[in-house]
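One structure, pasted below without further comment.
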Amino acid sequence: MPRSTPDKTTTLREAVAAHVRDGDTVSLEGFTHLIPTAAGHEIIRQGRRDLTLVRMTADIVTDQLLAAGCVRALVSSFVGNSSAGSLGELRRRVEHADPEPLEFEEYSHYGMVCRYLAGAQRLPFYPLHSYAGSDLPRVNPGIRTVTSPYAGERVHVVPPVNPDVTIVHAQRADRAGNTQIWGLTGVQAEAVFAARTAVVVVEEVVADGVVRSDPNRTLIPAHAVDAVVECPRGAHPSFAQGYYDRDNDFYREWSAISAKPDRLRAWLAEWVYGTADHGEYVTKLGEGHWAGLAVGEALSTPVNYGRRL
Amino acid sequence: MPRSTPDKTTTLREAVAAHVRDGDTVSLEGFTHLIPTAAGHEIIRQGRRDLTLVRMTADIVTDQLLAAGCVRALVSSFVGNSSAGSLGELRRRVEHADPEPLEFEEYSHYGMVCRYLAGAQRLPFYPLHSYAGSDLPRVNPGIRTVTSPYAGERVHVVPPVNPDVTIVHAQRADRAGNTQIWGLTGVQAEAVFAARTAVVVVEEVVADGVVRSDPNRTLIPAHAVDAVVECPRGAHPSFAQGYYDRDNDFYREWSAISAKPDRLRAWLAEWVYGTADHGEYVTKLGEGHWAGLAVGEALSTPVNYGRRL
Amino acid sequence: MEYTSSELLAVVASRELAGRRTVFAGIGLPTLAASLAHLTVAPELETVYESGVCGAHPSHLPQTIADAVLITGAEAVLSMPALFGYVLQGGHIDVGFLGAAQIDRWGNLNSSVIGDWHSPTARLPGPGGAMEVMANAREVFVVMRRHDRRSFVDELDFCTSPGPDRALAEGFRPFGAGVTRVVTELGILGRTAPGDELRLVAVHPGVTAARVREATGWELAVADDLTTVEPPSAGELRLLRDDVDPARVYLR
Amino acid sequence: MEYTSSELLAVVASRELAGRRTVFAGIGLPTLAASLAHLTVAPELETVYESGVCGAHPSHLPQTIADAVLITGAEAVLSMPALFGYVLQGGHIDVGFLGAAQIDRWGNLNSSVIGDWHSPTARLPGPGGAMEVMANAREVFVVMRRHDRRSFVDELDFCTSPGPDRALAEGFRPFGAGVTRVVTELGILGRTAPGDELRLVAVHPGVTAARVREATGWELAVADDLTTVEPPSAGELRLLRDDVDPARVYLR
């Protein structure tokens, strides 16, 4: 009676080649945790152009995609290098159209979440309470209002976003795409469900039995996933809970790297164009570097799903 | 730096006495799994009246609350004894106003889910695609439409529900109310967040460390919970994944019990009014009965949350 | 080989799942059909249950859509907001199985009441998630064990789960095709797009079109290329009996 | 005992959390304040982070709101739809901490741009979840290290996160009170309800009302019962230095 699950595993190179096209709307999600950096780097290596990038927290990987000339438009709710400083390329493009303008659609965090919720649920809009009195609706015509048919009060709404492709990073999946995430889970499931195509990049592709021992841990079921890529350490410089820690030094360093266009481009030449794939990037960082990001063990107490006797 | 978590543990008798009042809107959720039967029985024992009961799948415990005269109005999306037959008392009240009428508000399953979603998010309405062309909006004025301010299409909406109290059953919680559920999780978290007051009944109150070893398993955080009650086997005749199986024989038996008003009332006299609390009900069923519902072990593979070295 | 009516319906429904990726199944015949399809025409089919289970691998044949054996070993268990909102309304279901007390010629379904909603002759369980399946699955298969004029009616007492024609008439753009297949003890009714009536497309061996028309509460149209259903093969019956339902939970 | 400006701000902010059940905290001073409050005025306070963490029990002082040490050992980690939708918009947060580049007399905040939004002099990080905290927390505390006319402005360049007055002016009924406390290096501004302006309610020892008014970009009103802030006690400082931030991550 069990189904035989399809095998959707592939390489990052093949997944990006097959699913990310020039002009696409691409969502890369991961809130501080599990940022799909390796996927961003592969998009840069393959030279995609005119992308509309959708990402709540536009941070280092966004700055890199901008500097590589991949991005025409950005949809985001926070454009900063976390608390470590600024995104140099982003600021140059927004403040000085240097080297070219950037179309920018600004929402709040929950506004972005609601856009994914509407997209995932095939709704024409999603209501929220955030924008009453803000100047944001004046510069973003996507933010509108609806009048409730009950007490008649108005409420703000945002439109759905349905990315051509969503790419997320996760700890583990089976080969069919059943994806398990723990620690911060952010908006990854909604971003995947909202997308026409979805690629999941994981630290480990695991045996079916591992996933099925804990089906509640599966936040993204196989039918929502088109490709599964095993790419260990693919979230660096962000972190993967239980696998490696955040590279806080690199975040601080990025503010200096990105402050100078030449230095930023030299960094891309060395670390992205200069590496054939994420495996080379990982090796180039060196085992000493990775040892500094290693984490210890804090295992969850197992739960019993039960078995019919 | 750690906070000292508050202790909200109490007995079912005290929780119902403190939080369920005559005339209240009471939500009891649990979709086949983890139905808060023991809480329903305690409401019957304490003789609450004029309740508006909100429950997606109005099943055995609903029929019992109706028969005990606790319920004036029912809000539901499925009124049947699962696939095992009918709810006798409910049918008598709806079909013949026997022994008294029942106000009935009918939604679909997702309509109910959306009412909880709106309630939990403090939204004036929640949009969904279910009702286009159905006769249900003709008999339920709560189901209305809104026009999208984007492409101008109409979409149906439902109003929020904000129960005076929501009671759910779960596998385990800590004494502060951080509640962990696995297996079917239904709409329990949303029903709790939508409520003004929430009572969580659990198979086990566990040590803080058990909950904190797996924070992603916590679906209901402490701040949303007002009372925590340890009540083993409190979901019978429904089941608790990993604790005991569903009592399918009792489901089938209920169709016969509830078919006759006298027999139903005799059942209540013996099993609810005739037991001081759920502990007595469990004992009265007998260890032989419970042995038939026992389940074996199927443990989840632990995940590593990591520890800073 | 001899076969029962349940076996016939399960086999016929399973064949209709060829090439489908996801099916939203209820308990009983739909679960039998989906399970048989795994072993025959659709090995990679993902079965989704209203309770939140995706990709179940049960140790025993489930007795409810929420049976504990569906959860243990499943690929994913989702909350109801995710299941109904993201999976179903999100458009991820290829085929939804539904039953009903009444069906009309456009595939509209009644599962709420017999008689008037406000004072019904018989109060039925109601919509559950059927309305959502109808509105959001790409197509819907109905399995009705009994084929008679009480169930196949000219006019529904109440329309619980409307097909796309009724949605269109009210100015809403439907997502799915509504009911495309009705499998009964007498044969198969089919329908391809909004605007179509259900037509008799196949009869079981030994059943005439006239007998089906007689059992139907409206003037049932018959397809020009009416065929006879291929009876369950020995292989299909063996799989159904030995692998899918060896304990004879649903096969009677 | 001597103390730094950071220690002063953390201690003063922690005292304001007395009796509160839930606080939505950012990293840095708000985290220090909440952690100190656990040990002093609000032992049962639940700290909630934008990242989804509820009831953190970190082994080390966190460096970001998503630091791995906040997750391991936490009471709950929620998805962003649950955190923003159920917890924050649902009305479960008593106090939200916010910072900003600019604040005006009604407690409206700018964190988006200096200059015109379409061609800014300086592009700042933007709203993040600040707009949601402002709209949905019962009250908001602002901690601003620097108190000067560049930050305390007569008119915002852009209103990112509006207080309830601006919402009311547009016909929306606000949920929370907006900014009720602004703690700075010079003192404390306070405000109780929509319609109120921020007023100087307390100054730090050695600071005059005139100096605060001079550093504020609008005609700052001064409370009749202006008080002097009680300096950090030896006990508060010891807890802050030895228990809350022994590694001096934020205390400088």
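A, B, C and D label the chains in the order they appear, each numbered from 1.
FYI, contacts are C-beta pairs under 8 Å (C-beta built on N, C-alpha and C of every residue); 3 or more make two chains touch, one makes a residue touch a chain.
Here the structure is a predicted model, which is why all the values come from computation and not from measurement.
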item: Given chain B and chain C, the chains that contact each of them; value: A
item: Pair with more cross-chain C-beta pairs in contact, given A-D and B-D; value: A-D
item: Euclidean distance of C-alpha centroids - chain A vs chain D, Å; value: 29
item: Chain B-chain D separation of Cα centroids, rounded to whole Å; value: 38
item: Between chain B and chain A, distance of the C-alpha-averaged centres to the nearest whole Å; value: 36
item: Whole-Å gap separating chain C and chain D, where each centre is the average of the chain's CA atoms; value: 56
item: Contacts with two or more other chains, residues of chain C listed in rising order; value: 53, 68, 71-73, 77, 85, 89, 136, 175
item: Overlap residues in chain B, where contacts from two or more other chains coincide; value: 117, 121-123, 128-129, 153, 182-183, 185, 189-190, 213, 216, 241, 245, 295, 298, 305-308
item: In contact (per the touch rule at the top): chain pairs; value: A-B, A-C, A-D, B-C, B-D
item: Residue ranges of chain C in contact with chain A within the complex; value: 21-22, 35, 38-39, 43-48, 53-55, 57-61, 68-69, 71-78, 82, 85-87, 89-92, 136, 175, 243-244
item: Contact footprint of chain A on chain D as seen in their complex; value: 27-28, 50-53, 63-68, 71-73, 77, 79-81, 84-85, 88-89, 108, 112, 117-132, 135-136, 158-175
item: Touching residues (chain side chain A, partner chain B) in the complex; value: 121-129, 144-151, 153, 155, 157, 159, 171, 180, 182-183, 185, 210, 213-214, 216-217, 241-243, 245, 294-309
item: Residue ranges of chain B touching chain D (in the complex, touch as defined); value: 1-6, 117, 120-123, 174, 176, 178, 189-190, 193-194, 208, 211-213, 215-216, 218-224, 305-308
item: Residue ranges of chain B in contact with chain C within the complex; value: 31-33, 57, 76-80, 82-83, 90-91, 94-95, 106-111, 113, 117, 128-136, 139, 153-154, 182-187, 189-190, 239, 241, 245-246, 248, 295, 298
